[in-house]
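Report on the structure given below.
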Amino acid sequence: MAVDEKLKIELGKQGVLVTTLQELYNWGRRSSVWPMNFGLACCAIEMIATTMARYDIARFGAEVFRPSPRQADMMIISGTVTKKMAPQVVRLYNQMGEPRYVIAMGACAISGGPFKQGYNVLKGIDRYIPVDVHIPGCPPRPEALLEAFITLQKKIDAQPLTGEGRPRFLDAEAPGEFPVPDQGQHDLEPPSNRSVWPVPITLGNRE
Amino acid sequence: MKTVEEIKAAIEAAVPGAGVEIVPNPGPSAQHSLLLKPERAVEVAKFLRDDPELALDHLSNVTGVDWLDKEITEKVKVTRTVTKTVDGVEQPIEETVEETRKRVEPGYLEVVYHLFSVAKKHGPVVLRMRTGNRSDQVELPSMTRVWRSAEFQEREIFDLYGVVFKGHPDLRRILMWEGFKDHPMRKDYVEPDDFEYEPTAHDEVLRRAQAHRALEAAAAGKGAAQ
Amino acid sequence: MSSSPSGLELGAQAHGLEGRMVADPESGGELLEVAMGPHHPSTHGVFRMDVTLDGERIVRLKPVFGYLHRNHEKLGEGQTYLASIPYTDRLDYICSLTNNWAYALAVEKLAGQEVPERAEYLRVIVGELTRVQNHALSVGFLIQDMGASGTPLMYGFKEREKILDLFESLTGSRMMCNYMRFGGVRVDATEEWLNQARKVVAGLPKFADEFEALLVTNEILMARTQGVGILPPKLAISAGVTGPLLRASGVNYDLRKVDHYSIYDRFDFKVPLGDHWDVYDRFMIRLLELRQSIRILEQALKDIPAGPVMDPKARIRNFRPKAGEAYGRIEAPKGELGFYLISDGGPNPYRYRVRPPSFMNLTILEDMCLGQNVADVVLILGSVDIVLGEVDR
C-alpha cells in the first residue's frame, strides 16, 4: 500500500515519519550491499580505485569488501572471464547467500570485449549466471561503476516484496543453484546455460 | 661481443660434431641465430653458459614457432621418350614437356631461445631447434637443467604448441586446463564454435556468428526430419 | 584418517581454504594440501598456488596459471602490427605505457625505424611516471597483504590518481593509454601539460618522504619481512628473474644502463641494489627506485626539446615490415619486458611473442617459499609484484 506522497511530506514537516514496510525493507537492503573482494583483470584495478579516497564507494554503503562469498551480497565481475575461470565464477556465485546481485563490469564481462575471438575467453558471463547491471567500457571509469551501483540500488528500491517481480529469495520457486560447466576436451560443456541465457534476438541473427 | 660466426667456431672447437648452422636474419635488426642439432644441444648450451668469455647466464626468452607444411608448386622441364608413329613406322622420339609438379616441404615446430649475459652485459644470442615434423617427431631436449628460467616457458610451449621436452622435470599443461586436447597456438588450430550471439559489427566475428547459425539451423532441420 | 576432521582441517576451512590431508611417506605424519586461489584476496587476481603444508611450514608449492589466459599471442598473430598496440595496454594493466613502449621498440627494431628526439623524451617522461605509480601501488599492495588494511594503499592510490590525470589529459584514457606508435608517439604534449607534469613531479618527493616515514622503520613491517623469502643471486640469474627482484638480490642489471636504449644515457641516476636478498630489500628497492625515477623526470622535464613527435617517414597504416625477426626489450617497472616478432613480409606478424617479466619472476616462487610459514607466502608473492594480465597473457 502506497502512502500519498504529499501527505508524507506534510507529516514529515510535523516530525512524523510515515513509510511502508516495503520501502523500509528495501532501504535497508540497498544501503548495505557488501561486494565480494573478487578481482579478475584490468577492471579490478578500477574497482579498487573506486573504493579509494577519491571516489569513495563508502558513501553508498558498499565499502565492506568481503573475501568470502558467504558474507557478500554483490559480485562485481571485474574483467575477462576465461574458460578456465568460468566454472569457479559460477561456483562462487552459487556459494553466495541470497539476496545476491551481479554487476558485469566492462566489455569483457559483458561479451568477451576485445578478447572475444580468443579460444579461452568466455563470451559474456551472462551465459551462466543472471546479471543485474552491465557497464560498458574498457575499463569503465570509477564513476561508471558508481553509476552502475546506483542503478542497482534503484532496482532494489523498486522490488515489491510479494507477487510478481519479487526478489529471488522471497520466491520459493526461483532457482538457487546454477549448473557449473565442465571443462571438456575442446570447450566448456555446455557452452551456455540456456535457461539463464536464451540467445537474444538482434537484427544480426534474426532469420 | 663475438659475432655469430665466431660463436659458431667457438662451439665447434669446444663440442666436436655439434653441427651448428647459422640461420641468417635478413631484417634490419640483424639478430642472426644458431640452429642446433637436438642431440648435442644440451652440451652446447652448457658450453655457452660456462664459457668465461661468452658467459650467457641469462636465458631470457623461450618460445615456439609453428611452420606449416609448405606446398611448393614449380614448373620443371622434363625430357621423355615417347613412341610415336612417324611415316607408318613406330619409333621412339625424345620430346621436352613442361610439367607442373607439386612438392610438399614438411613443416616443423621450432623452439627459439634468446640468451643474454648478466655478467658481461651483452646479448642477444639466438638459438633455435627444430623438430622432425609436426605430428609424431616432436621431441626436443629440455634446457631446464641448464637454465632454470626455461622451466615454465617450456611448459608453455608444450601446452600451446605440443613440443615434448625430454628431461623436463615437470612437463604438464600450464595455461589451459588438464584434459584439454588441442595445441591452440598452432597455425591450423580450429577454435571452438561458440559464436551464438554477436551484436558486434566486426566482420570476422559476424561471419563466424552466421556460420554458427547456419550449422544450428541445419541441425534443427535434421532433427525435425527424423 | 578418521572420519571427523582434524583441528588443522577445521582451521583451514575456517580461513576459506579447502584442504585435505595426505600421508607423509617420510615422517609417517600427515601433510595438508591447500589450494590458495584462484579466488583469494592476496593473490593479486586469479592466481592459484597448490601448497603442501607440514603444520605451518611449507614443504611444496606449485603455482597454477592460466585463469586469465586471454590468448594475447594468438590474437596478435591474427591482426596488423598497429592493432596490437591497444592489446599491449592490457598485458600489465597497471603500466600500459611501458608495455606500449616495449612493443614499439621491438617493431622499430624489426623495421629499422628511427624515433625523433622529442618523442624519446615524452616516452621517458610517461615511462618513468608509470614506474612511480607502479612502485607506489606495489608497495601499497604488499603492505595490504601484510594486514595493514587500507592506509598505505590509499597513500599509493592518492598519488596514482594525480599521475592518471596527467595520462588522461595527454592520451585520453586513465589506464589504457594506447599512446606510442612505432616511429614516435601518437600526440604531442602541450606546454600546459608539461607544466602540469612539472607540478605533479615537484610534489612527488614529498609523497616519497611521507611514504617512507610511514613504512620504512615500522617495527611490524621489519619483523614480518626481514630474512623472509631469501633469493640468492646465482639462482635469480639462472631463473631469468629481472627487475627490482633481481636488483634486490644484489645483481646490478638494469636494462636502462645495460642496453642503452632510448635516451637514458643522458640522465644522471643510480641503480639501487639490495644486500640481504629478502622481502624487506625488495620493498626498499622499490622506494629507492621511485626516488631515482623522480630524478630522471626532473631532468627530462627540464631538457625536453621542441620538434616533431613522429618520424615523418614512418608508415602506420599499410605497414609491412620486411621479412625477418627481432627481439626488443625494455626495463619495465616489473622487470625485462620483451617482444619477439617474426615478420614474413605480410601485414600481420607471423609470430608475436611477449616475454612477460612477472611470469618469469614466478619461476622461483617455490624456492623462496620452501621452509617458510604459510602466512609468509602471501608476503613473498606480494614482493614479487605480479600482474595476472601479464603472467597468463
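Letters A, B and C mark the chains in the order given here, with residues in each chain numbered from 1 onward.
In this section, a contact is a pair of C-beta atoms (placed from the backbone, for glycine too) under 8 Å apart; a residue touches a chain by one contact, two chains touch by 3 or more.
Keep in mind the model is a prediction, meaning the values are calculated, not measured.
**Student:** Of all the chains, which has the CA centre nearest the overall CA centre?
**Tutor:** C
**Student:** Taking each chain's centre as the mean of its C-alpha atoms, give the chain farthest from chain B.
**Tutor:** A
**Student:** Count the C-beta pairs in contact for A-B and for B-C, then report the pair with the higher count.
**Tutor:** Pair with more contacting C-beta pairs, A-B versus B-C: B-C.
**Student:** When the centre of a chain is set as the mean of its C-alpha atoms, what distance in Å lies between chain B and chain C?
**Tutor:** Chain centroid spacing, chain B to chain C, equals 30 Å.
**Student:** Between chain A and chain B, what is the gap in Å from one C-alpha centre to the other?
**Tutor:** Chain A and chain B have C-alpha centres separated by 45 Å.
**Student:** In chain C, what residues contact two or more other chains?
**Tutor:** Residues 66, 69, 71, 74, 392 of chain C each touch two or more of the other chains.
**Student:** Of all the residues in chain A, which ones touch at least 2 other chains?
**Tutor:** 84, 117, 119-120
**Student:** Where does chain B touch two or more other chains at once, residue-wise?
**Tutor:** 175-177, 184 - these are the residues of chain B that touch more than one other chain.
**Student:** Can you list the chain A residues touching chain C in their complex?
**Tutor:** Touch residues, chain A against chain C: 37-42, 44-46, 48-49, 52-54, 67-69, 79-80, 82, 84-85, 88, 92, 114-115, 117-121, 138-139, 141.
**Student:** What residues of chain A sit close enough to touch chain B in their complex?
**Tutor:** These residues of chain A touch chain B: 83-84, 111, 116-117, 119-120, 123-124, 183-187, 191-192, 199-200, 202, 204-205, 207.
**Student:** Of all residues in chain C, which touch chain B in the complex?
**Tutor:** 65-66, 69, 71, 73-74, 109-112, 235, 237-242, 251, 253, 258, 321-327, 329, 336, 338, 340, 342-343, 350-351, 353, 355, 359-360, 362-364, 392
**Student:** Provide the residue numbers of chain B that touch chain C in the complex, in ascending order.
**Tutor:** 25-29, 31, 57-61, 63, 65, 112, 114, 118, 121, 124, 126, 147-149, 151-153, 173-177, 184-185
**Student:** Once bound in the complex, which stretches of chain C touch chain A?
**Tutor:** 16, 38-41, 44-46, 66-72, 74-75, 78, 86-87, 90, 93-94, 153-154, 157-158, 160-161, 174-176, 388-389, 392
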